[in-house]
Amino acid sequence: MVCVGDRIDTDMQEGFLRGHGTQVLDGQLVATECGLVERVNKLVSVRPLRQRYSAALGDIVIGRVTEVAGKRWRLDIGARQEVSLQLSSVDLPGGAQRRRTAEDEIKMRTIFKEGDLLSAEVQSLHADGSIALHTRSAKYGKLTGGDLLYVPAALVKRQKHHFTNLTTMGITMILGCNGMVWLAPTHEGSSAAASSTSAPEQTAAKAPASAAEREAVSKAANAVRLLASLSMNISPASLLNVCKVCAERGVQAKDMLTASFIGAMLEEESQQRLQTSL
Amino acid sequence: MHISQNDRLFILKALKEDIRIDGRNPFDSRKVTVTLGLHNASATVSMGSTRVTTTIVPVLDAPFPDRPNEGTLRFNAEYSPMASSEFEGGRHSEAGMEMIRLLEQVLRNSRAVDREALCVLAGQKVWHLDVNVTVLDHAGNLTDACLLSAVAALMVFRRPEVEINTSNSGSGVARTLVLSPAVREPLPLSLHQLPLSTTFALFGAGESIVIDPTSREEAAASGVVTIIVNTNSDICAIRKASGVGIPLAQVQRLMHLASNRASEMMQDLKEVLQQHEASRVSSRVRRHASAPQQLGATSRSVNMLPPNDISATVQPYQLQEQDSGSGEETSSGEDDMSVGNPVRMIASSAEGVPISSHAQEAQYQEAALQHILTGGRSQRKAAPVDRPVASKKTAIGLQKEPQIDLDFLEGDTDPEKDVLDMRKALQTKNKQWQA
Amino acid sequence: MEFVTPEGLRRDGRRPKELRQLKCEVGVFPHADGSATFNIGNTQVIATVFGPRVADSRGESSTDRAIVKCAYSESHFAAGSRRQRKGRGDRRTAELASTVRKALEETILVELFPKAQIDLGIQVLQADGSVLAACINAAMLAVADAGIPMRDMIAATTVGYLESTPLLDINHTERTGNGPELLLALHVNQDKAIIITEEGAVNPETLEGMAELAEQGCKAVGKFLRQSLLEHIQRHATVRGLTVK
């Protein structure tokens, strides 16, 4: 564990690769952030506890459209860099595979307009550091009829599956690497996201959620909030764990964020860790 | 100011060999020129191409309620776009505000100027001095130039004498009368400290340091330090408010350099002030020997005022015009008779003249001087006190008043000599007058 | 008014080289990217950081580095008597904001974030001398909390000089003595002075003594800040189940 300006011990290794959070001063490796030192082979870096989300290639993110500009949409994903979604990186309605024309450009708002929430993947980084997203897959696209949560990005680790169906609760969860979590009731036969390939009429025809669905979603949302407040990593497993404990103790969804339940969760967590370490 | 990468690298590289792009050594300053306004309220400083002017305007007004015995100093720094394209118009640029804060700190909060001496009538009237610093041309190192011009202006400034008259008014409120400089010599300010600043620019990681940076050097620099030293070699202020970090030991060295430079600058400033004082005194002499002048273009009569009874009217100076249609035989030179001096009539002690602007007075003085030195053929039409002037070659009918006695003037029409004679004459008359 | 007793005690009972009590808390506002409070004696300051994020105005942004902005505000109840004017927007607060901004600009590795903007927010809750120093310290903690890389730790402190004694960390009462005052902000590990402001006439030897005392003071404050940050990380790392090697 180091603080800013501390020297990082590299005596044990002959050569080292300088990673994030470090700098070389007078031949010495010095930390530039407060956090934990990570050594992976020869790569020495310092990872801070909290950091604003910084997009990396292949990340799945959730973002809101802030601007419809020429041939691209600008989004807000809470990242350090500028983010844009090119017109050429989305699937056109009707599944057409063709060159984007001027007409397409004019019709951009029919696909996504300002204020829309969508899930996408980081396609590439431009030369000036800004990010390019794409939604060229059925699972990405506009998100409607669900609950959006903001958690610290560091609590969402890069996992194999960011889109998960929590069948026991009947909800679909999307974990955005940028710290935005989307929870929505699962709809039969279609993915959680209304992809851009489906015609607009279909999305509009989605029925409003039932009371039971809403309760399930709010339970899951509270579980995520609880995990975030305890600074615990958020994953489908941890979420289900929380819901399990909640069910065991017969706690209602609305009481999940009370001090007593949080205390109970902490107990559970510490017990589990004790068990694993034994 | 933005400079290209090439420029920056070039400057840095040259500095590594102790060469600056304008040919100076790292610790050489640019030549400093100080010009003082004849009307004692302004100073212009040039450091190389950087030019800054400070003017001081005194205003007599009520004091602040929490400080009834003190005058005030208000500073204003004008960093106008005229000086550099990097300044925006408007009064609140960051750099301008910093300058104002620095001046306030060093000249006002430090009690460098004695504000109690600016008090005229406790609780009612004090002098408020508006110190306006205007940057005319920005070629680097505005801090030093602004402070030097402000200090020079404060040293040359003379505030008018004020007389308090409690007798006349029935309400019990005293009336203050500002006396014109012709009546009573205005007073200098009481200055406890004379702070002068030296600015250093740091380059790279702080290894190269130069004194008095130009604007290109400032743009290439990675930090700036200003050290202000007063005449007692005390450090009045250090300002390193940004830029690359330097070891504290360096700061000691910079303090020493600043001290040397400040004493040099103060030497030069004092010389300039002395010269200025000399010219001021001689112009004062002329002023006290002033003649009444002629009103109106057509009237060539000169107001004849007996010496002891002077009216308090201010008569504007008018260059007499030749009345071509008069048909009178005038030598053109004669018309230039309204020689003499400004305008201000000598006021009696019973009434004060409202203070008119120093600029006006200067204008008159300078016009008068010009006139004396270059105008007119017969310069010997000197202006003895209170007497209408005439020449020996008086044309008939020109004058309607008695001749003056020009017996103290002799001789020929040598202009230079005339001037010298006239000066002598004025001096004697002045002595008479004073007596 | 006597500021130093013959026994060498100051009005608040400290010795001349003693700092007031230091207290700080990191991560007080979860919504901000980074936040911290810093207390030294009765002076209390809150700092928040947002960023690095995309610059608001393209005209102000720079293509090779991040720009740093600072908004400074003093509460109406911060000083001894309720402030008549606004606690921001005037010349004095503009200068204070500018100084904090420049101190952090020199500390943060801004070259790593082109076209970005880092916003600092400073709120003074209680002002009892050494306010600017406290602001710089609080801002540094907030920036560290936000995970923004910095060149070095920056710590700031003030030194006064009254009754022939250099006094470390002057409070408001000691400021009213109108003696010279020195503010020093130092990169503590590399020993580089970032901000030096001295006000009031003082002779060079005395100033040297004051500067030395200020350096020691900054190092002491730096040690405290480092300790606090490490404790904060320790706590959170444990909760998250991250092991410490």
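Per-chain residue numbering starts at 1, and chain names A, B and C are given in the order in which the chains are listed.
Keep this in mind: a residue touches a chain if its C-beta (ideal position, glycine included) is under 8 Å from a C-beta of that chain, and two chains touch if they have at least 3 such contacts.
All values reported here derive from a predicted model rather than from experimental measurement.
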Middle chain, criterion being Cα centroid separation: C
Furthest chain, CA centroid comparison against subunit B: A
Rounded Å distance between subunit A and subunit C, as computed from the means of their C-alpha atoms: 35
Cα-centroid distance, subunit A relative to subunit B, in whole angstrom: 69
Chain centre separation in whole Å, for subunit C relative to subunit B (CA means): 43
In subunit C, residues with contacts to at least two other chains: 187, 190
Of subunit A, residues touching subunit C in the complex: 1, 3-6, 20-21, 23, 25, 30, 32-37, 48-52, 79-82, 128-129, 155, 230-233, 273
Residue ranges of subunit B in contact with subunit C within the complex: 94, 97-98, 100-101, 105, 109-110, 193, 206, 225, 230, 232-248, 251-252, 255-256, 259
Subunit C to subunit A touching residues, read off their complex: 27, 33-34, 51-54, 63, 109, 113-116, 144-153, 187-190, 226, 229-230, 232-234, 236-237, 239-242, 244-245
Of subunit C, residues touching subunit B in the complex: 91-92, 94-95, 98-99, 102-103, 105-106, 182, 186-187, 190-204, 207-208, 211-212, 215
